[in-house]
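Shared between the two complexes below is subunit A, which has subunit B as its partner in the first and subunit C in the second.
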Partner chain A sequence: MNEASALPADIPPGFRLIAWEGVTFNSTNGPFYLKHEDGDVALGFRVEQRHCNPAGILHGGMMMTLADMTSGFGTSIKAGIDKFMPTVNMTFDFVASGRIGDWVEGRCEVLKVTRSLAFASVMLTTQAGPLLRASAVLKIPSGEGLRWKRAPLIG
Partner chain B sequence: MTASSTASSVLPPGFAEIPPMSGFGRAMGPWYEKTENGKGILGFRAGERHINRLGIIHGGMMMAFADVVLSEAQRRVTGRPSVTMRMAVDFVSPARLGDWIEGVGEVTRSTRNLVFVRARIWRGKHTLMTASGVFNFIRPRGEDGKPLPEQE
Partner chain C sequence: MIARFDPAAANPPPGFDPIRHGENFNSHAGPFFYRATKDSFVTGFRIMAHHLNPVGMIHGGMSVVFADMSLGLGLAIKCDVPIFTPTVNLTVDFLAGGKLGAWVESDVKVIRRTRSMLFGETLLTADGTPFLRCSGVMKIPASNAMHFDYGALFPQLKAVGYQPPAS
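Moving on to the complex of A and B:
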């Protein structure tokens, strides 16, 4: 079995599995997928029961998680910053609700990069349209910042 | 048993586990609560499934906790179910594996349809996050999925 065939069939084309190692928040709540081709950067996941709240709709915590990851990955890739950038502030408008089976994907626009901060705008969507609008302020560490290694992509 | 779950056996006094009510709550719990001066203080012990690869509590986890703290504060005051409409968070200081983290919220205003809440999350003497949220009341639904009649 080659690596590409390991991805579930319902993952949209262009997305690759982010293969985080060990037990972390991301590996517990994932799988998450990254698309990076032709200048398009997007993160996505498929909504399951374990991502939902008591009302059976996608938990706000999961939406904010994907928005946080989208701003981190998106700003890093688009602005070419190869450091871990801690989030300083995020603001969210929950414009719709997600349901089990939905494919949620996030895209990020980098508004401004200064010496120490990056400002990003994030939108999460499903097949039904906008789900969450977010804005993020990220800190660009002086020096190397925390040591980290990008997770490999599969698929 | 991992080092972090050994530490988690020590629960600060007054806290009791909240029964997990949802898939996400079960995956990220257990969550704990105690009542102090009529307010619900929520808490959790940061384990491996809450951290990123740098050993810091994931921003998504902190924001999920803030969402729960804010909505619990509004539920205690109004007694009505709600959904999050707007939320803002400031990451004041990072939290790490093994930390015991607490949070409490306060309703600033409640209107016919909306409730405004702010919250603080801390570890010991250190503020980790400040948050605010606007919640939209929802009509409870019956078993047939239709909204129940409004109760005054």
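Moving on to the complex of A and C:
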């Protein structure tokens, strides 16, 4: 069995599972996938019932979680910043609703990086089009910042 | 799989009861709590291990999950709109990092209610210190809205004779 076959069949090509260790917010609410190839950086997940709100559609909190992670991963990879960057501000517009079975994908555009701040735009989409628009301001720590370990990728 | 976390393990302050939200995203993002008096409605949760990010602080996603839930619920209760009100916009400032074990609380302020929209804001505190500032806009659906029985979901409201200020 090769590594790739460990992923569910409905995960789009190029995406790899982000395998966080322990019981944290990411491991409890995922699984989340990362694509990083040919200059394209994207995060994604498949909507399950467990990601939905009492109305049975994708929970806004789950969308905002992916948007927050997309701003962090996207800015870190695209701007080459290997520090943990805490979020300072985020603004979200809920453009559409997501349904069980949808593949949600997040992409990030880095607008500006200063000595201490990074500004990014995030868009989440499904096969039906735009789902959530977000903007983010991230803090770049002056020293090493908080210690952390990048999660391994599987698939 | 939906992970469930024991509300008692969160050790809420006196007067806070668990919010019964059924089997959904809130089950593993929570447990969430509420406390009502005659003229107040406050929500809260304890920061636990399953709310943390890779650096051991509260995950930004978790902070906005609670901000969104508390704002939507607080506006619905305070404006006496017992239906599902989807979030249209949310803006959050992350004022401080939240530490494991801290008790987070939200007391929503109603800014304006129109026929089709709810505008509100809330300042979340962690162990009494400002933690996250949030403002948001919720849509009141015209029809086919999902209705909630707040009397059954939040027994404290009836028990304390809660009166919505903005109705």
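Worth a mention:
Keep this in mind: the second predicted complex is superposed on the first by the 155 of 155 C-alpha atoms of A that agree within 3 Å, B and C clash if a C-alpha of one lies under 4 Å from a C-alpha of the other, contacts with A are read in each partner's own complex, and residues count from 1 in each chain.
One rule holds in what follows: a residue touches a chain if its C-beta (ideal position, glycine included) is under 8 Å from a C-beta of that chain, and two chains touch if they have at least 3 such contacts.
Note that the structure is a prediction, hence the values are computed from the model and not measured.
On the superposed subunit A, the positions of subunit B and subunit C overlap enough to count as a clash.
In the superposition on chain A, A:N53 contacts both subunit B and subunit C.
Within the superposed three-chain model, A:F25 lies in touch with subunit B and with subunit C [touch as defined at top].
By the touch criterion defined above, A:M69 lies against subunit B and subunit C together after alignment on the C-alpha atoms of chain A. Contacts of A:S116 after superposition: neither subunit B nor subunit C is touched.
Residues 20, 22-26, 28-29, 49-55, 59-62, 64-66, 68-69, 84, 86-94, 97, 146, 148-149, 151 of subunit A lie in contact with subunit B in one complex and with subunit C in the other. Those residues of subunit B whose C-beta lies close enough to touch subunit A in the complex are 21-28, 48-54, 57-61, 63-65, 67-68, 83-91, 94. Across the interface of their complex, subunit A is touched by residues 1-3, 21-29, 49-62, 64-66, 68-69, 84, 86-94, 97, 146, 148 of subunit C.
Here subunit A touches subunit B in the complex through residues 20-26, 28-29, 48-55, 59-62, 64-66, 68-69, 84, 86-94, 97, 146, 148-149, 151, going by the rule given at the top.
On the side of subunit A, the complex with subunit C involves touching residues 20, 22-26, 28-29, 49-55, 59-62, 64-66, 68-69, 72, 84, 86-94, 97, 146-151.
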